[in-house]
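Read through the structures below before going on.
Each of the two complexes below includes chain A, the first together with chain B, the second together with chain C.
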Partner chain A sequence: MNRLRNRFGGVIIRDIRIALRSGGAWLLGLVFFAVFLSMSAIALGGEFKTLRPLAPALIWLAVVFSLLFSFEHLFSDDAEDGSLEHIKLSGMSMNAYVLAKVCAHWLLAILPLIIALPLAVLLFDLPTDILLGLFVSMVIASPALVCYGAFSGACLVGFKGGGFLLVLLTIPLVIPVLIFAVSGAVSFQDASLFQVLEFQALAGISLIAAAIGIPAAAAALNTVME
Partner chain B sequence: MISFLANPLRFKKFANVAAPIFGLLALFLIGSGLYFGLYNSPEDQLQGHSVRIMYVHVPAVWTGMAAYAGMAFASLLAYIWRHPLSDELARALALPGAAFTALGLLTGSLWGKTSWGTYWQWDGRMTSTLILLFLFIGYMAVWAGIDDKRRAARIAGLVAMVGSINLPIIKFSVDWWNTLHQTSSVSMPDAPGLPGSILLPLMLMTFGYTFFLGWLVLSKMLNKIASAKTRRKRPAAATTTLEKL
Partner chain C sequence: MTAATKTSSQLVVTDLAVSRGDNLLIDGLSFSMDAGDTLWVAGSNGIGKTSLLKCIAGLLRPDSGHVAWGEQDVHKYISSDTGYQGHHDGHKPNLTVLENLRFWQSVFASPIAPEDALEQVGLSAQINLRAKGLSAGQSRRLSLARLLLKQAKLWVLDEPAAAMDIKGRAVIHKLVGAHVAAGGCAIIASHTPPEKIGDNTRVLTLNGAANE
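After this line comes the complex of A and B, so read on.
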């Protein structure tokens, strides 16, 4: 048990260490998020009057797309340099490995976006309750995003130019998240946290995504080594 | 039934007999369905002749959804028992399923233009059908993109299964989203409440489409079996040598 925990933590720490040594490449998702939001504001004319009602949807789109592009290398780097085989040989279960990768990815890709949310809200001059709503919806929905993304990323290990296909595979799974998260963030204003129906649905989707996405990703990774 | 057909030889025998029967049945049913639908059925009180689009449209979407369900089920069988025929079945269902779904969307938008005045509406039903088409395209792209066909089959099967688990969630969320945004929604009359003159061509067309799908799938699988057999054969010995050239 103790050794298992060591391995689990080891994968997380290793991923974070690799990311920190990548010369800031792990922050590119955050840069994409900022660029996407400013481009949308420019394309829509830059008037706060028109931007304000669209802002929650735009911010959520920016989150989804910046995450989608980050999953392409989640497993493929490990598969290429042979660490995946080592993990398999070490006797660590694939599910535990995927879970550790997902946790590390949450810390590296989603946490920066959550921290950057107040700045994004400033760009659109939104009231604070929408910021809170966006914050809560992101925390509740992020497990679903990471688990489905990990599944698509695991499916496309060794797939040349899989970036677009990854988006195509993940988008249908993420549509319910997008629907509930945006309307939940908007309707949060005058209700307490667990009275918002959308957040309950989001929590359910996150649980289902973890229950399906992680074993499916592990099964897809196992096919790499068959 | 499934274990009987799991034997490729028995399957081949069955498919050799069944494929032409399915094809002829499809021809007959779709032909008579078109006759009853286009000439021998009443026009709608409000929509006039444009209601006849329904006989092409509704069965297409139904068959598309049935194809996805079959694809997910065949993938499950292939995942558990690793049976290559099951993989081929799932793969053979994908393209016809996508084509039927696309046909349904296309005819639906034509029908929508004449009866609602717009080609597209972000209605729950239409949106979820569009997402179904995306799922089909993703599934086919996985097959096309992974070189190792055995691995492609495993991955595509996983994609189909995960997608099928998510379809009800997608459907629910899209319906919920739609009722929130759109107050006046145009819904179709309930099928059991339809008069016989409309129901008959609709049913004929539905069974016709289903047999057409069966014919397509069986012929494609026969084709695959034959090409797998030729691949296993030794290539013929060279009849000419380099010196002669």
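After this line comes the complex of A and C, so read on.
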């Protein structure tokens, strides 16, 4: 158990350290998120009255798009430089490795978006209820996003220019998340947390995504290596 | 080369066929190795040295045949007792030499201090240098240090001497010598002329599947 924790933590710490030294490349998703939202606000006329009802959907679109492009290199770096072979031969289970990568990715890609959420809400002058709704939907739905993304990323390791395929492969999986997350964030205003059916559905989707996405990604990586 | 299969052998390769894409590279290869053996794999480019080594390490599934290490099929159970050094060094360019090794130390749960391993391969002076600043030969040395951390019984080395200077080759010679003297096995693919390491050094020359 101790050994597993060491390896698991080792992968997460290494990934975070590499990201922090990448010259800010890990913040690209956050920058995209901010740019997408401010451009949308400008394109839609900049009137709070028209923006307000659209804002939750726009914010969620920004989240999904900023994440979509981050999965291409999730596993391909380790696969291409040979690290993955050494990890496999170390006896570390591929599931544990994938889970560690997914956790690191959550910290690097999703957490900054969650932290930036209040600023996005300010941009559209949304009430606090919606901020809370968006926050809860992000927290509940994000495991599904990273697990599905990890699965797609693992399937496309070794394909040069697989980014386009990755988007095609991930979008159908992410659509249910998008539907429930947006309507959940909106209907949160006049209900308590556990009465919002959309959040229950999102939690279910996240659990399914973790239960299927992680072993599937591990199996894909094992196959790609051979 | 075919050697009689002995049950006491550590590594037993039986009737192995390996292909890459549609090319059958190795067919009907059988040999066995005991503790303290060194095997050099020679042959021209593209003949299948790397594929054979990956197959022995358990990273590449053979078309047919078996590779057993300590009586366990390496393609059914990953053999964590294998130290593999492939073409790619697998060092993260933005981490320092020490950080790279610390990561592998945690993955291998190794009791060896990374600093000691670096001293053995002659990289003590570069300990805080980022891996992208290493020369190709130094990068190979860092791979050797990772190999030492793993404390594996079977070493599978693919061109360990590539880009290495004469001193580097001497380091490999010394490390492999100590490894086989301590009862390990080593399989080395190389373009350099095979050298005698340990008491039992053999050479396997691949000629292509057709005239194997």
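Following the convention adopted for this analysis, the second predicted complex is superposed on the first by the 226 of 226 C-alpha atoms of A that agree within 3 Å, B and C clash if a C-alpha of one lies under 4 Å from a C-alpha of the other, contacts with A are read in each partner's own complex, and residues count from 1 in each chain.
Criterion: a contact is a pair of C-beta atoms (placed from the backbone, for glycine too) under 8 Å apart; a residue touches a chain by one contact, two chains touch by 3 or more.
Because the structure is a prediction, the values reported are computed rather than measured.
Quick check on the chain A-based superposition: chain B and chain C, clash or fit?
Once both complexes are aligned on chain A, chain B and chain C fit side by side.
Touch check for A:Pro112: first (chain B), second (chain C), both, or neither?
A:Pro112 sits against neither chain B nor chain C.
Once the two complexes are overlaid, how big is the angle at chain A between chain B and chain C (Cα centres, nearest 10°)?
It works out to roughly 90 degrees.
Touching A:Glu226 in the superposition: chain B (first), chain C (second), both, neither?
both
With both complexes superposed on chain A, which partner does A:Lys88 reach: first (chain B), second (chain C), both or neither?
second
Once chain A of both complexes is superposed, is A:Ser22 in touch with chain B (first), chain C (second), both, or neither?
The second partner, chain C, only.
Have a look at where A:Glu80 lands relative to chain B and chain C in the superposition and call it first, second, both or neither.
second
If you stack the two complexes on chain A, which partner ends up touching A:Gly10: first (chain B), second (chain C), both, or neither?
A:Gly10 sits against chain C, while chain B stays out of touch.
Looking at A:Cys155, would you say it contacts chain B, chain C, both, or neither? Reply first, second, both or neither.
The answer is first: A:Cys155 touches chain B but not chain C.
Using the superposition on chain A described above, determine whether A:Gly163 touches chain B (first), chain C (second), both, or neither.
It touches nothing on chain B or chain C.
Look at the superposition and give the distance in whole angstrom between the closest pair of CA atoms, one from chain B and one from chain C.
So the smallest C-alpha to C-alpha spacing between these two chains is 7 Å.
Identify the overlap between the chain B-contacting and the chain C-contacting residues of chain A.
Shared contact residues on chain A (touching chain B in one complex, chain C in the other): 226.
In their complex, what parts of chain C are in touch with chain A?
Listed in rising order, the residues are 57-61, 78-80, 82-84, 86-92, 94-95, 99, 103-104, 106-109, 146, 150.
Quick check on the complex: what are the chain A residues that touch chain B?
Where chain A meets chain B, its residues are 151, 155-156, 158-160, 162, 165, 168-169, 171-173, 175-176, 179-180, 183, 201, 205, 208, 212-213, 216, 219-220, 223-224, 226.
Sort out for me which residues of chain B touch chain A in the complex.
Those residues of chain B that touch chain A are 131, 134-135, 137-138, 141-142, 145-146, 150-151, 154-155, 158-159, 161-163, 165-166, 169-170, 172-174, 176-177, 180.
Over in the complex, which chain A residues touch chain C? Could you list them?
3, 6-7, 9-11, 13-14, 17-18, 21-22, 80-83, 85-92, 225-226
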